[in-house]
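Okay, structure first, notes after.
For reference, chains read A, B, C, D and E in written order, and residue numbers begin at 1 within each chain.
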Amino acid sequence: MSAPLLTVEHLRATVGGQQVVEDITFEVPATGVTAVLGRNGVGKSSTLKGIVGLYDRTGTVTFDGERIDHEPTHRIIQRGIAYVPEDREVFSMLTVEENLTLAARQDQPRWEFIHQLFPELKQRAQQRAGTLSGGQQQMVSLGRALINDNRLLLVDEPTKGLAPKIVHEVAAVLDEAARTVPILLVEQNLQVINRLAHRVVVIDSGRVVHTGDARELLDDTARVQQLLGVHGEATK
Amino acid sequence: PSATPVDTETTAGGGTTAAETTGTETSGSAETPAGEPVKVAIIYSKTGPLAAYGETYYQGFQAGLDYATDGTGTVDGRELEITYTDDGGDPDKAVAAAKEAIGNGTKIMGGTVSSGVAGPLAEQAEQNKVLYISGPAAADAITGANRYTFRSGRQSLQDVATTSGQISEGSNVLVFAQNNAFGQGNVAAAKAVLEAKGATVTELLVPEAETEFTPFAARILDAKPDLVFVAWAGATSGAMWQALSQQGVLESTNVMTDLGDISTYGAYGEASDKVNFLNHYFAGAADNEVNQALVSYLEEGGHKADLFSPDGFVAAQMIVQAVREGGGDDVEEMIAALEGWEFDAPKGPQQIRASDHAMIQPMFVVKLKDEGGQWVPELVETMDGADVAPPEAA
Amino acid sequence: MTQETTVGPALEVVDLSWQVGGARIVRDVSLAVAPGEMVGVIGPNGAGKTSLFNLISGINPASSGRVLLLGRDVTHRSVASRARDGLGRTFQTSSLFPRLSVLENVRLAAQQRLGGTLSILQFPRSADDATRLAREMLDVVQLGSRRTAAGDLSHGDKRKLEIAVLLAQDPSVILLDEPMAGVAHADVPGLTEVIRDLNSLGKTVMIVEHHLEVVLGLVSRVAVMHHGELLAFDEPGAIMANPTVQSAYLGDIA
Amino acid sequence: MSTLILLTFTGLGLGALYFLVASGLSLIYGLMGVLNFAHGSFLTLSAFAGFEVGRRLGAGTFTGFFGSILVGAVVGGIFAAVTELLLIRPLYKRHIEQLLVTVGLSLATVALFEGIWGPDPIFLDSSGWLRETTEILGARIPNDRFVTILAAILVLGGLVLFLNKTRYGLIIRAGVENRSMVTALGIDVRRAFTLVFTIGGIAAGIGGVLASHFFGYVSPLLGGSLLIFAFIVTVIGGMGSLAGAAIASVLVALLQQFANFYLGIGDFIVVLLLGVVLLVRPQGLLGKAAA
Amino acid sequence: MKTLLAREGRGYLIGLAVVVALFVAPLLAIPGLGILPGPTYSAGSMHLMAFTMLMVAVALSYHLIFGVAGLLSFGHALYFGVGVYGLAVVLRNTQLPLLAAAAVVLVIGILIANVLGAISLRVSGISFAMVTLAFAQAGNVLVRRNPGRLTGGEEGLTMATDNVPDLLIGVVNTRNLYWVALITVAVVYVIVAWIENSRLGHNVAAVRENETRVRVLGGRPYLVKLIAFAVGGTLATFTGMVFLLLQSGASATAVSTEFTISLLTMVVLGGVGSRWGAVVGAIIYTLLNQRLNALASSPAIADLPAVLRIPLSEPMFILGTLFILIVLFLPGGVSGTLNRMVGRRRGRHPREALEDIT
């Protein structure tokens, strides 16, 4: 395997003085989807937030050979790391179009790509994002990331609360995106994992308890049961 | 309340420049057989919105002490132990200071430049049966407030009465004032004094928070009075005078107002030389030996005589009189010593009316003159104390 | 809460509509839920499921139509009075008292139910009825960390806490808006059981949920919403077979 | 008739002044959620700076007048920027604390100004033309009222363009809602917030200098005396709505002017208006419903 | 009461000890130590202590509204002013004896707090702050305008003493006034603590956290907030009346926004949400304000160069700066900082009470 794109070593993250991530170490290779798995509350989201500097953190984070663990969030993002938060966090008072415009950093934002992926966002360009349904908001949130050419996507539970049909669509979008850019994906839906992930990182209580090939893990029902407390059939 | 009661007492004998001259800290005098020192509490604004008045009062008081005690700071060998306390213009602080002083056995209180503070202090004097000599506070209510309360300055009624030289039987006088206690007091005073002289008095009261006076100026024009008496205090006076000039009020009628301290001489703008001023005091108002003493004492200390210098000066004179004639320990005797007392003050001859403790004193009519870019007052007329005496308080 | 003895529906909406600006978000929806029945509501994102719940619970006022709760017209009553009449709900995004402890979140609901919640003569105590009830409910949903501030809980635990609050409130009609969203797979069966228990205690339940396997296993009937309209309201089997539903909602997954 | 015209113009002049103060307040509040109690201090300091400069450039001249406005704007902007950087920035997202810190700042600065310039008002000489009047239908309207009204219109236009037409305007509107998400899109939102404060300070600075001419004095309490009415205007207009602030400024000032003149109860009428507006339309005239 | 004692037993024992100590303080010659103007039995010291205790009482009433219910009111001075002016006006214009007059004013205070509270609470957040500010401002204008010569305007109003017992008049009776103030603050403290700990109090906290949730549970947030607001306002009115007795006069500063801001400063200084914080904050603020005045006029300051002298001789500059520093660096105020030093988590204190005993 070639040199990893992102390396996380001994990451600890704190919020309001409380430690939410204990000691996380893993690597994200320069291609493919790396999925972060784990039960609720083990620190998956916090790990992502620690990486982009939204939570106070210590430890080493290296992106493309450069340390980024002391940079402010906007610098890290400017390096080409897009972050899609767990709860969508669209700007509810801004229109859909304004949400996307705001996110566009490059000279030629990929508007066509976005509109082709999410035709509904084109129709609803002038609607205030706060009045969109949950699923529509998720599209805005993903759209904000995909409108730029990125070097790495950090995506936190993109299918949470989405209708099966949309889950399917989102998975397809991510699959598409993964061809050109590596993704670090937090996801609960094992079907989606099954479809997308090449590698997995399993977190428990703020620590990494397993890393390895996605197929290998998902095929080993007993191991899935042990690590995630899930029946292997759920992946089908 | 500003959430602060007591401020602080300074050393006996006073603050900075005058400490030596008052001599209260001289060690020998404490052992004189004449007895214990007489405690005096001066409560005034060292800080706060009226600090400038406070400073004038304080310096005037030092001059008066120097004059009345011949520079000894003692009265018939008895030391005056004077504490100066800052009230910051805040009644709560003043009351706290008064209670502290009274608790320590003080029988004589003096001071305050603020009418809002004078009332509560007069109340404390009555409750605790101590002598109180109010300072520059102009509220008429202080006169006759109670038998323990005196005043060393003038009151609104006297201001208003000073305009009486400008009116004749049947004159139509308009009082232009802010709708607050000061303005209302002036309206009441004008009605009491000027209507007695046969004038008709009407009022135009402007809400206190109003900042735009142009329409009111136009309304004065419409009323066509013979004399406009302007009773104004505070920051808005500049805008008010500008409105009066702009709308041509000053050309159309005779306008009179109270000339304040030196810092306000610039507030009248174009109105400065078109207005007749009545005046409590300015350095050149009176030409007598006492005033010379006041002015030269202040000049030596690097200060200027100003509006409220005589209030401090007279307060010192009164305290010395009370101690000299009344002994300094028995409040009733001190009251007796002050009631009806006639004396020479910086403004001229003055008398404390026995019935209500009004301070009968001369008042002045002046004009402002441009002297090398500076407005300076010029005496036009001196009104005799009896002519401007306030009606007796009930 | 006393169970209604009447045979009429526990919850009924008649020609319910909601309009914001020019957009009609809920259009003439009519449905009735029998006492003790559990009904699922599914539909694509933006279909108006949450909006329907907001109309029923009174968070938003209906533009037209009526809401009947236990046979009573509550269309013009406040959120609170509907709640006191026995309506409980959860929100799509957790709505809790973030700085109060887990126990207190539940306890406040219990206090409300047991009465005297505005009393200044009574003090919350560890031994009083409300606290005891709250503990029981937390045991039911298996939420351990009772001293934690609710805001510090993970997503899944917040969901459990919301259910516990509902249990303590003991409403007779319950609206659940995506209770499984963001809950780890491991916890889904447990939570499903809790919801099933709710129903078997005699509560009437309406549940919006995208986890089809969960909904279909729980409910007796499913309402499908699409563009604000009620597309179908039928038994799960019939719904899954309905071609309109398939194209509108399930996509190629089915 | 001439009284009506006079009242209308002086009312508009006062309204323009309210707007210059309220626009900054509304902008800062609407975009950052900070209710800026120190806004009066921005205004006061600018007025003093304008006064010092005007005096040196010539109290009666246009050079002095425009010089003082320029300096007032610059000083207001700098003061605001420094305030934002040192006091507001460390408290991002904690709106109540931000409000408290501005309360503290206003306490401290008013006291400081008193220490430097003394507690008493300093009366100033305006330039000749400004002091004169222009007659419209028999009403002699002071010229500085026209200048104030013009300044307010210019400031309003500039602000509207800035917010709706620039990328910074967009960033600012987004940052209000969710600052960390704006940074998570790779944007340094802190710069935008500093900018907002600065703009608010500049508007207040212009307002301060004009107010000192309007009232004829500068004093440490100058800003505070306008602040309460500016708050009321901001609320009536709808927090955060510039157009609302403009309409409410004119409405409040005219109402106050007329009520003061005819009934002597302008202040009560304004408070009454506030009460009524809030009861009927809690979000204010043009405010966004339940933000 | 039994439960109250059981719950916070230790706290109440300490409180009782403090009250007893304060009760006997004027009988002893405890030196002022530079904080008080003289030993504890001197009139000046007793007055300052009584004044401070009344400030503590108003701060506590404000704490109920701001700290507990989370309602940022900028109009609390109004309710205090109703007490001060109400009693002064009633005593001056009627022949009612003190207690009857006080009862009348208290009823008026309750009415005003309820009516204005009911209107203000129609809006929330910053709008609420502004409405309360506007009402208080209207009250201030009313008092300053001296309608019907009732309030004395900026000259203030002295207390008519005819119907006030002699025991409360004059410096010789300062000790009695001191005890009255002590009783006042104790009563206010107990009422505030009682409410905070009652079921109602927990409901108030819940409303502060999430109103919609309360409504969905069937509660009435509006009513809950109104009760907290009205009780706070009424306690302020009550304290205001005692304040009039202490000062023998009413002045317009009692109804000023500055006074509300000083209350806000006290509560923030002590730590928002903490009852003890409000007490400590009020004491520190009042005493600091006093000592800083002394500092301002001390020769030590007068000799400094202007850059230092000018700011340091302005007490409000120092207080304002201190306030800023606390907000910036000690977010929990004095109580929060102490709590943290003792190792407790911040911001959670009232809500932990329940679990602490389980």
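To be clear about the criterion, a contact is a pair of C-beta atoms (placed from the backbone, for glycine too) under 8 Å apart; a residue touches a chain by one contact, two chains touch by 3 or more.
Since we're looking at a predicted model, the values are computed, not measured.
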Treat each pair of touching chains as one step and give the shortest count from chain B to chain C. 2
Return the chains common to the contact lists of chain C and chain D. A, E
Farthest-lying chain, centroid of Cα atoms versus that of chain D: C
Chain-centre distance (mean CA atoms) for chain A and chain D, in whole Å, is 45
For chain B and chain D, what's the span in angstrom between their mean Cα positions? 38
Would you kindly tell me how far, in whole Å, the mean C-alpha position of chain B lies from that of chain A? 77
Centre-to-centre distance between chain E and chain B (centres being mean Cα positions), rounded to whole Å: 36
By residue number and range, which residues of chain B touch two or more other chains? 179, 207, 209
Residues in chain A with touches to at least two other chains are numbered none
Contacts with 2+ other chains: residues of chain D: 267
Taking all chains into account, which pairs touch? A-C, A-D, B-D, B-E, C-E, D-E
Residues of chain A defined as touching chain C within the complex: 18, 38-42, 86-87, 131-136, 138, 157, 160-169, 188, 190, 228-230, 234
Given the complex with chain D, which residues does chain E contribute to the contact? 72, 119, 122-123, 126-127, 129-131, 133-135, 137-138, 141-142, 257, 261, 264-265, 268, 272, 310-311, 313-321, 323-324, 327-328, 331
Parts of chain D lying in touch with chain A, wherever the complex brings them together: 170-171, 173-174, 176-178, 180-189, 288, 291
Which residues of chain C touch chain A in their complex? 20, 42-47, 50, 92-93, 152-157, 178, 181-187, 210, 212, 249-254
Provide the residue numbers of chain E that touch chain B in the complex, in ascending order. 37-38, 42-44, 46-48, 51-52, 55, 141, 144-146, 149, 152-159, 161, 169-172, 174, 243, 247-249, 251-254, 258-259, 262-263, 266, 285-286, 289-290, 293-294, 296-297, 299, 302, 313-315
